[in-house]
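One chain, subunit A, appears in both complexes that follow, with subunit B as partner in the first and subunit C in the second.
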Partner chain A sequence: MGHIQLNNVCKSFGTTEVLKNINLDIQDGELLILIGPSGCGKSTLMNLIAGLEEITSGNIVISGSDVSDKSPKDRDIAMVFQSYALYPTMNVARNISFGLEMRKVPKDEQENTVNRVAEMLQIDHLLDRKPGQLSGGQRQRVAMGRALARSPKAFLFDEPLSNLDAKLRVEMRTEIKKLHHRLGTTIVYVTHDQVEAMTLATRIAVLKDGVIQQLGTPYEIYNDPANHFVADFMGSPGMNFVECVVFEDKLIIESGSQNYQLAIPCSDAVKRSNLESVILGIRPEMLTDPKPHENNPYVHEVEFNVEVIEPMGADTIAIGKWNGVEVQGRLSPESGETAAKGFRLQVDTSKAIAFDPRTGQRVR
Partner chain B sequence: MNNLVGHKSSLRWAVHISVAVLVVLWLIPTLGLLVSSFRTADQISTSGWWQALVTTEQNVIMRTAKPQDQQIIDGKYVIEGMLFSSKKSPEILAWGVSSIAIDDYIPGETAKLRKGGEISLRGDGYYHMVSDKPFKGSRGTRVFVKASMPPEFTLDNYRNVLFDPANVSGMAKAFLSTLTVAIPATIIPILIAAFAAYALAWMQFPGRALLVAFIVGLLVVPLQMALIPLLKLHMQIGIGKGFLGVWLAHTGFGLPLAIYLLRNYMVGLPKDIIENSRIDGATDFQIFMKIILPLSFPALAAFSIFQFLWTWNDLLVAKVFLFDSSGQTVVMTAKLVELLGSKGGNWEILATSAFVSIVVPLIVFFTLQKYLVRGLLTGSVK
Partner chain C sequence: MIADKFSSINFGRILIYSILIFFAFIYLAPLYVMFSTSLKDIEEIRSGNLLALPNDPTLYAWAKAWSSACTGSECKGLAPFFWNSVKIVFPAVIISTIIGAFNGYVLSKWKFKGSELFFGALLFGCFIPFQVILLPMAILLSKLGLSNTVSGLVLVHVIYGVAFTTLFFRNYYIGISTELVRAARLDGAGFFDIFRHIFLPISTPIFVVTIIWQFTQIWNDFLFGVVYSGAGTQPITVALNNLVNTSVGGKEYNVDMAAAIIAALPTLIVYVFAGKYFVRGLTAGAVKG
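Showing the complex of A and B:
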C-alpha cells in the first residue's frame, strides 16, 4: 500500500526557494513521473520523499502516516539512484540482500529473496560478481534488484536510465513498465527525458522553478498543455509557436509571401480575451503533405517555402517560416524528398491551441 | 598543445632525466650504508665504500703476534704467523717497521728491529721474527704494509649484531621495545581518527566546520612545544613514564594528520552510496563499518605507513615519555646511538644495525602499498 501525499511542501536552501508549495496526491499503484529541465527541483522533491533532506514546511504522508520527520529507513521506500550507488566492496548477492540484512530478515529468507529477484531481472548468473566486473546495463539491473528485494511501499527512481546507451535505455524502459504492471507498486520516477515520461507514466507532473506546472495523464499533457512551457517541453520535435494577429475569430499567418487566415477551435476564448495577438501552438504532425479530408473547417492549405529538410526515416521534418518564425512540419518521406519552395502544405488546426503572449498561459 | 598524439613534449626528457637523477641521489647514501655493513672496520677506516669492489693499494698498520706467543727454536726466540687473518690475503707491495719509512723493504727482505732482532716478511703476509734475546712487552711489533687489497665482504657484522650474545640481548630487547611502541601507536590513532573522520565527513551536527578548521589548525603545532607540558600532565595524573605514556603521546601527535587525511578521503566517497545505505536501513555505525571502512583502505594504508615509519624512527618522543631508570625500555634508535657513542665510531656496527632496523618498515611498506593504488570504487557509481 503506497499512497503518497505531499501537502504544501516547501524546501529552501538558505534563502533560495527550491520548491514552492508542492501538492501531490500519488495514488497506490500509480507510476508518477516528475519531469522538468535541470534545476527545476525534481531531484530535490525525490530526496524529500525519500527523507534524505528535511522539508522546510508542509508535510509528507505515506499510507496514512505522517513521515515528515521520520528517517529514510522508517519510511519503507526503496530508491534507485542515477549513479546506481552499488556497494563496490560487496558482490551482487550481498548488494541485493544488504537492505534485508539491515532489517534483520532471517538468512534463508534473504537467500530466497535474492534468488527470486535475480531471476526476475535475469541477473542470477552474476550473483558472485563485484560491481566492477559488470557492464552498465547489468549494474542498472542490480540497482533495481536491490530496490525490489525489500518489497517496499513505494519505489523512487532517480533518472535510472540516463547512464545507459540509447538502445539499452529503450529496452530497460519496457522492462520497467512490465515490472510495474507485474508488481503494481507505487513508483515515483524522475526523468528529464520526455519520451520516457510519455511511455511510462500513469500521470506526469511537469515542474519548473520549483512549481508544478501541470499534473495529468500523458495524453492530457501532450494534447492539452496548461501553458507555453509545458507545451514546449513535451514532444519531439517540439511544438511550433507563432505569434499571430487576431482577425475576428481567425488568426493571420504569413507563409510563402502570402497571408492566410486560420480557423482555430478556441476562437471564442481568443475573442473573449480581447488580445490583439496570440501565440499559436501547433504540433509538427498537424503540418503535413496534402491528404484527403471531409470538408473539415479546420483543414487549410498554405504555400510553404521549405528551407531545410531533415529525413528521420519514418518521416521527414521540413523547416520553413511563418511570420518570420521557424516552423517544423512532418512530411511523408516521399514528398519530403521533393519538398522545396512553394510546397503545398496541409495545416490541420483542429488540435491547435493559443497562448497569451505576455503570460504564456493558455487562452481557453 | 604538446600533449597531442604524435607530439612529444621536449620537456618529457628533462622530466625523465631529473627523476632519474633524483632517484640516484636519494639512493646513494642508502647504498653506501648497505655496502659498509658488509665491510670490516679496517676496510671502512682505510677506503671509501665505493672502492669496495676494486683492488686498492692501501697503507695499513698491522701488528705481529704478542711477545707472549714466542717460541724458542734452536736457541733463538721466534715469533711467526700471518699478518692478515682473512683467507684471501692481500698482496704486499712494500713494507717497513718504522712509521717514518713505511716502504723501505720489499717482500722477502729482512729488516732489523729497533729493539733488537730481525723480521722478514713474505708477499703473502707470512712473517718470521727472530732474536737472540726474548721479545718483551705486552703488544706485538708494528709492521707498516703497503698492500693491494682485493675486494672482500664479510657477514661478520650481521653475525655480530644479530647473534653475538654480548649484543644480542640488548638489540633484541630494543627491537621488541620499538615494536611495542610502534604497533599500538599506529593502531590507536587510526581507530580514533577513522570514527572522527566519518563523523566530520558525513554526520550533520552544529559546529562541524569549526571543528574541522580547528583540527587543520592543530596540524601546524610543533610537537616540541607540547613535550614538557604533556610530560608534566602524565606525571600528575599518574601515567608516568612508560609505554602507555608514549602511546598516548604518539596518538595525540598523530591524530590531527590522521583525521585530516581520512576526513578528506571520506568526504570524496560518493554521496549516493551513503544515502542508499541509509534508505536500506543502515545506522551510522553500520554505514561506517560496512561501507565506509572497506572503501577507505587506501587512506588507512597511507596513514599507517606514515605513522608506523614515524614511530619506528622516533627518538625524541621515546626519550621524553618512555625511558626510565630501569633501562628496560630502550628503543632501537636509542640503542643505535648507544652503539655509536659508547664505542666511538663503530661504523660497521652502526651501518649493520641501521639495515637491520630498516627491515621492518620495508615489510610494512610493501604489504600496505598494494592498497594505495587499488581502484576501490570501480563499478560503484556510473
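Showing the complex of A and C:
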C-alpha cells in the first residue's frame, strides 16, 4: 500500500537550497504532519512527493518502487489543495469523476464511485452544482471527494483547512481524522497550525529552513522537543523561556522582587555542561494556582506579580515577569478573577527543560 | 432639506446629460451626414444643405457602390473586394486567435527555461510599427510564392496578430490559479486535456475580446492590404480608396458615402452586438473556482 520513503532528498531553486537532505520513512497508514513557519519548505516537500516539482538529488520510493522520475499521474497519489483547485466550469459530480474520466474508467463505474464518495462526505445533494455555488466547507468536501474517488496509495493535504473559519476548521479536522481511521490510507499533511498537527498526527515532522528539526509523535514533540525552535513552535500559548543563572544544581529566578531556586529534572546535565546560565523552558500549564501535592521536590511556590489577565473561558492566562522576561501561567478562571500583585503561584518544574543559550539545543 | 438635495441632484444630472448629449451629437454628426448624403441624389447634394434630411430617399448610391462603381479601371463596385476582405479576415482571425490561446496557455502555465524572454520578445512585436516590416515581409512572401495572394495577406495578419493575441491570453490565464493545473495533472490529465477541459471552458470572455480586436484590426487594415495585394485580391479598404479617387465625370459624393459605410459596416455591427462583452472581457479578472 502506501509506504513512502524519502532518501537524502534535496531541492534547490537556482542557487537557493530549499530542502537539505530530507530523510523520511512514512509508514503505511500513517498520518504524517509536516509543520513549520512559512518558507520552511514544507509545501515544496509535498510537491516533490506529488511529482509536481523535480527533486535536485536523492530519491523518493513509494511502495517499493522508485518514483523519482515519474510524472504525477503515474505515482498513484491524490492531493487536496489549499485553494481547493476545483474545476470552475464542471459540476461537483464531474469534479469528482474527472480523474477517473482521464484514466478511462468505464462510465457506470465512474457513477458508482461518485455516488459512494458523495455519500461518504455528505455532498450527494450537491452533485449538480458548480463550485461557485458552494460554501467554503462544501468546496473543501468536494476537494476531498475528488481525492478519494481514485482510491490512491496516499493522500497529500496541503493546508486544506486554512481557508475555513475557525468553527468549520475544527469540524473538518475531526472529519479528516475519522476519515483516516476509516480508510487507513497514508496521509501526508502540511500545515502551519500546531493545534491541527497535535490533534491529527500519528507523527509530526517539524521543519525549519529546509531541515527537519525533529520527527516524533505529538507527545514527544510537545514534551520532549529537540531544540528551542521546536519547543517554541509547538504549543499555544507558547512555552515560557527564561534565561537563568545556574547555582549548583538549581536555577535562579527572580519573581515578584524575590529570588527563588528551582530544582529541575535535568540538573545533572546542566551541571555537566558547565554553562553559567541556561534557558529554562517551561509550559504555561505548569504555572498554576496552588494545588495540593505530596512533597514533590519539583513543586515550588513563588510570588508572582500578575500584570495582565487574559480569560480564555476554560482557564485564564496570567502574564507576569521572571528575570525581567514575560512568562505566562494558566490559572483557573476563579483565581484568574482576583489574581494581581503578589499572587502565590505554584510552579511545577517536573517537565521543565533547559537549552544552551548559545546554540538553542537541549541540555540533556 | 430633502427637497434641496433632490433639486441639486437634478441640476447635476441635467448638466451631465446635456454635456453627454452635446458630445454624442458631435461624434455622431459625421455618421448622420454620411448616411443622409448616401440616400440623396446628386442634384440634391449640389443644391441642398449638408445637414438636411433627404427629400426623396433613394438606394441608387448604395446599389452603385456595391455593384457598379468604378475602382480604377474596373467597374464592378465594392462587392468582389468585400468578399476578398472576408476571405482574408476569417482565416486570419481564427488562426491568430488559436495560436494566441495556446501561446498564452504555455507562457502562463507551462513555463520553461527562457519562456519569460520568449514572451518579452513576442511582446516586442506589439510595438513594431507596420512600416518597419514592409520590405522584409515582401521578400519573405515572394520567397514563399505568396505575393499578391489572399493566403499571403492571411499569413501577414496572423504573424502580426499573434503578438497581441498571445498577450491577451497570457494575461488572462496568468490570473487563473496554477493549482488547477496541478490538480488536473494529478488527476491524470495531459497538456491538451487540461487546455480542453479546464482552460477552454473558462476562456469565452477573452476569446470574444481577442476576436473583436483581431477582426477590427484586420478588416480596417489598409497598409498591408495596399502593399501585399494584387489586382484581384485587394481588400475592401483599398478598393474604397480607389473608388473615391476614381472620378468619371463629377464627384459622386452619395456613392462615396455609401461605399464608406459599406466598408465600415462589419466592424460597426461587431461592435454593436459584442461591444459589451469586449468591455466586460477586458475588465474580467480571474475566474474564482
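By definition in this document, the second predicted complex is superposed on the first by the 364 of 364 C-alpha atoms of A that agree within 3 Å, B and C clash if a C-alpha of one lies under 4 Å from a C-alpha of the other, contacts with A are read in each partner's own complex, and residues count from 1 in each chain.
The working rule: contacts are C-beta pairs under 8 Å (C-beta built on N, C-alpha and C of every residue); 3 or more make two chains touch, one makes a residue touch a chain.
This structure is a prediction, so every number in the text was calculated from the model and none was measured.
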Clash or fit (per the criteria above) of subunit B with subunit C on subunit A: clash
Touching partner for A:Asn163 - first (subunit B), second (subunit C), both, neither: first
First, second, both or neither for A:Gln133, with subunit B first and subunit C second: first
First (subunit B), second (subunit C), both or neither touched by A:Asn115: neither
Which of subunit B and subunit C A:Met102 touches, first, second, both or neither: both
Partner chain in contact with A:Thr56 - subunit B first, subunit C second, else both or neither: neither
Which of subunit B and subunit C A:Thr199 touches, first, second, both or neither: neither
Touching partner for A:Ser277 - first (subunit B), second (subunit C), both, neither: neither
Identified clashing stretch of subunit B versus subunit C [41-49, 77-85 or 95-103]: 41-49
Subunit C-contacting residues of subunit A that also contact subunit B: 50, 52, 71-73, 77-79, 81-89, 98-99, 102-103, 131-132, 146, 150
Complex interface listing, subunit A residues touching subunit B: 50-52, 71-73, 77-79, 81-89, 98-99, 102-103, 130-134, 139, 146, 150, 163
Interface residues, subunit C side, partner subunit A - complex: 177, 179-180, 182-189, 193, 197-198, 201-202, 287-289
Parts of subunit A lying in touch with subunit C, wherever the complex brings them together: 47, 50, 52, 71-73, 77-79, 81-90, 98-99, 102-103, 131-132, 146, 150
Sites on subunit B touched by subunit A in the complex: 270, 272-273, 275-282, 286, 290-291, 294-295, 375-382
